[in-house]
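Working notes, beginning with the structure itself.
Each chain carries a letter (A, B, C and D) given by its place in the written order, and its residues are counted from 1.
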Amino acid sequence: MRGITDISHRKGFPYQGNVYLPHMAVIKKVVDETDDTKSFHFSFKDEKLQREFTFEPGQFAEYSVFGIGESPFCISSSPTERDHLECTVRRVGRVTNALHRLGVGAEIGFRGPYGNSFPLDFLRGKSLVFVAGGIGLVALRSLIRYVMDNRNEYKKIDIIYGARRPSDLCFRYDLDTWEKSETVDIITTVDKGDSDWKGREGFVPQVLEQVAPSTENAVAVVCGPPVMIRLTFPVLEKLGFTPERIITTLEKRMKCGIGKCGRCNIGNLYVCRDGPVFTYEQIRNFISKEF
Amino acid sequence: MTDKKISKNDIAELLADWNREFTVFTPKLESDNVSKMVEWDGKDTDFLKWYRNTLVPCKTLFLPSMEEMFRFEKRAEGHYHLELPSVEKQKRLIFGIRPCDAKALTILDMTFEDTYQDPYYLSKRTNTILIGIGCTNPYDSCFCTALDGNPSNPTDVDLFFTDIGDEFVIETTTEAGNTLMSKSKHLQEVNQTDETRTREAREASRKKIIRRLDTEHLRGKLSTIFENKDYWEGIAAKCISCGICTLFCPTCHCFDISDEMLKGKGRRLRSLDSCSFPQYTKMPTENPRGEKWRRVRNRVCHKYVFYPINFGVIACTGCGRCIRLCPVNWDINQVLNDLPDRV
Amino acid sequence: MKDRSVEQKLRGEAGELLVAGKVDYIVGFERGSLKFTTTPLITKDGNDINRLVINPFITSNLAKFLMELKGRVGIVAKGCDSRSIVSLIQDNKVIRENLVILGVPCSGIISLHKLEKLAARDSEEIRDITREDDRVIVNIGGEDRELPAAEVLFDSCLACEFPTPKEYDILLGEPRAATISQNAWKNVKKLEALPPEERWYFWEKEFSRCTRCYACRNSCPICFCQQCFVEETEPQWIASVPRWQENFIFQIIRNIHLAGRCTDCGACERACPANIPLRSLTRKMYDIVDDLYQFKAGTDKGLAPLMAHYENTDPGDFIR
Amino acid sequence: MREESKWEPRLLGFLCRWCSYAGADLAGTSRKKYPPNLRIIRVPCSGRVDALFILKALQQGFDGVLVSGCHPGECHYQVGNYHARRRLAIIKKFLEYLGVAPQRIQAAWVSASEGGKFAEVANEITEELREVGPNKLFTDER
């Protein structure tokens, strides 16, 4: 069941020291992405740790706002950026609300990186079709930026990105930059446009079907709200992507982030430990069930 | 090393000796019928008369219902200072753990040692010596024998006591147990009659376990009906989604992590949680197991399908607590025995 | 009428209801998997009807399941259960027309735990238990022993004012008159005799055993909030950790929320695995409400809920 | 001992914005003397005060809680104070049974013009609380 996203081979296990004790990090910059979403740029207080810290695109971490609690978010920056890390957070609950109240200079806790990552070895040399909905782009952004920084190792790139309203589109500055590359096609869509909107209107799965990106030597990488993910899989299959060539990253309620506290399981798989990156092949039996 | 024996009258002195080196835990009635392993008071051995099994499972000595993970303090200019709780140096000894609860710890070890070591659980685990006592009076809800266990199974403890009437016969199973025995007084040699009586006692208690469970075909059957919503809705109907079956289960280990802070000083706490609660998986916008039947299915399958896939062992020891304590008599043993071959 | 014949009548009526399509579900009791227990039977299937039982061990308050079931429901109800149903009707949580209430005049439910203690035997050693008027006959190893019913019934049953359901469509058996025993107030009186600090300390000790399993709330037929205040996170009213302070506040607020709804049926206390005497809270709240407003929960479906109503003459002498 | 002698009762008041809150204001502006240890939370109506507010105040160490609203018949929302009366009566009796000194749960009707009454009420309650002593209900050390 584990397949290409398995991490058990990775170095550094077992983890040394108290795995629940967060590293202290300082917020360096806050970027307003949308009305309710902010990106936080931060770096570790411990400079040696900042220099040596590594992760792979797709991994996540547990972020602490002390006194409020911890929440898992994926790391939205690329491992190629060495001086800081980024996370992008929508204000939806207790911890995210508290995080949104923090500004530059505030201290947060960071445990991680956790989980597997996008299978870089498998993706190398292939064309990539990124399909994202709303805040879901956050989970793909690390990989997209990584790919952009190593552009010659990958073939064609398609990004199909949708949101509810134009103002809900995140990382517009990134989209603008990426679009400048000739071998990158970006299609943005919104459920309902406004007077300024010049892109498409329609839900992501429908737009994906219309755009019908080539499946030749291609892998689709999908992230978005659960319902969007569920509706996107059949479209990708229809387009000719086989289940092993459809990759997604899932979000679940988590507490420990390391496969112990129990709540993020899909069947025997823990999203925190065996995921968050899965192939459609791995989870297809659970579709419409519990993810 | 051959077995030794000890008179029940000498147990208090044996425990008193051990108490010098260890913090000794023994079963205690906290209120009426609520029993728990607690620090021994230095004299009471009454439990030898009433003890069947503790209501609160032994896991709570390793994974407490609430524990402090670390403290934090907001200092000048918004800097946080973190401090881990001091590690208990004093070695612990649990006297009287039942085979099912000891086996549960072996099962829990797999989770807490997997990939990332859990320092809180493991430090307590490595610091504790387990003295098991075989059951003479199992409950009619017990079914350990169906799960590779039995009421006299010494595998998961350091020393194992078998009740042969006025005396206990002591079997040594680990090096730690061996060391402890070599330092202990009041021990007598075992003769042939004692050995016969031990065998008979073990056989008698095994016979008292009346429940059965065919575990061989369970995984197949559960996989077959996994997708069958009607089936799960039917068996889940009477469940009230309380946390008894999980919080009192010796192998359930789900936990919650939460912060509390007052005037700049705070603590991060870990407390037991339950997959029976709808909030357990609730995210701000979604709840993958908001429906009761999904939670019931998860609980059953986690023990009997998912854990075996991940660790090769069923995460149930047949202690029967969930059956005895359930307010609506939701009986996992009965449900598993009645699983349809196909629906 | 004996339980056996009540049972026969119940099976007949319930079967007819299902066959005639008058209800979608039957909610009743069937034999439990442990000795001297019953378990809720919730079924749509006429073949299950013969599993329905009535005996002195029908402990659950089945009204609990009404809000989960969609459609019309035929429900077995003891006196206390029927009052919980009335309470739910008062709060507009269930619709009377969707229910067929199969009322059971109840002579009290036996507490197996009390009985085990009094007989000094575990249930496994007891062969049979039968109820005969004011006695309970316990057969141990072939020998009959008589115990006074008042000493083995649940305390809540000893205080029961309405053993015959207040609301029913079909009454299974003859109506019964109440036989109230002052024993039901024993624990409340004991507490009231203590100085205030000791009363508080008593609860501190009791609630330090609470594991926050929420069996009390979840077995309660009228704890019907979609989201309980303990689970709110913005703001978080009380911590989710099982600490006596929070455990106690949870239970205090639960009782206050249930004022005028709680019928003191005892379901919470029976469900509690930590043996916390929750009825010493519910009983007192019931009496406070009765005292102040002459309001008995679940006795009149036409009345407005206690807390959604007021009178100009309500006592207010405590207000400056 | 020195700590004990320095102890002053801390009172939390939930005051209706339409009457008692203005009453408290008036007490202040007209220089009526009332205890400095009174903390005030303005609520839209005495009917807004939930039992949880009272319990949280006690848990956080307030020695007493005062709920104050409009006189019967004068509620801005017609009936809010009548509902408050029912609720408070029950809360008070129930908490007393549990072992909370009745002096800790207080209620008053104070109109916007009753600055004098507000000061009086606050003073009286503080004196009563002084006799009852510090609230140690939810502390672990006793």
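Following the convention adopted for this analysis, a residue touches a chain if its C-beta (ideal position, glycine included) is under 8 Å from a C-beta of that chain, and two chains touch if they have at least 3 such contacts.
Quantities reported herein were computed from a predicted structural model and do not represent experimental measurements.
Distances from each chain's CA mean to the overall CA mean are smallest for chain B.
Interface comparison, A-C against A-B: more C-beta pairs in contact at A-B. Chain A and chain C have CA centres that are 50 Å apart. A straight line joining the Cα centres of chain A and chain B is 38 Å long.
Chain C has its Cα centroid 31 Å from the Cα centroid of chain B. Each chain gets a centre from the mean of its Cα atoms; for chain A and chain D, those two points are 51 Å apart.
Residues of chain B in contact with at least two other chains: 256, 258, 260. Multi-chain contact residues, meaning those touching two or more other chains, do not occur anywhere in chain D.
Taken residue by residue, chain C touches two or more other chains at no position, since every residue touches fewer. If you draw each protein chain as a dot and join the dots that touch, the picture is not a line, a loop, a star, or fully joined; it has some other shape. Contact between chains, using the touch rule, shows up for A-B, A-C, B-C, C-D. By the touch criterion stated above, chain A contacts chain C in their complex at residues 93-94, 97. Residue ranges on chain C touching chain B, taken from their complex, read 32-35, 37-42, 60, 64-65, 68, 113, 122-124, 206, 209, 211-215, 217-219, 231, 239-243, 267, 270-271, 273-275. Contacts from chain D toward chain C in the complex involve residues 51-52, 55-56, 59, 72, 79, 82-83, 85-101, 106-109, 121, 124, 137-138. Those residues of chain B that touch chain A in the complex are listed here as 69-70, 72, 74, 78-80, 82, 84, 111-120, 227, 253-261, 266, 268, 273, 275, 280-286, 288-289, 294, 298, 301-302, 305-307, 309-310.
Against chain C, in their complex, chain B makes its touches with residues 30-34, 52, 55, 65-66, 137, 139-141, 237-238, 240-244, 247-248, 256, 258, 260, 269, 271-272, 274, 277, 279, 292, 323-325, 327-331, 333-334.
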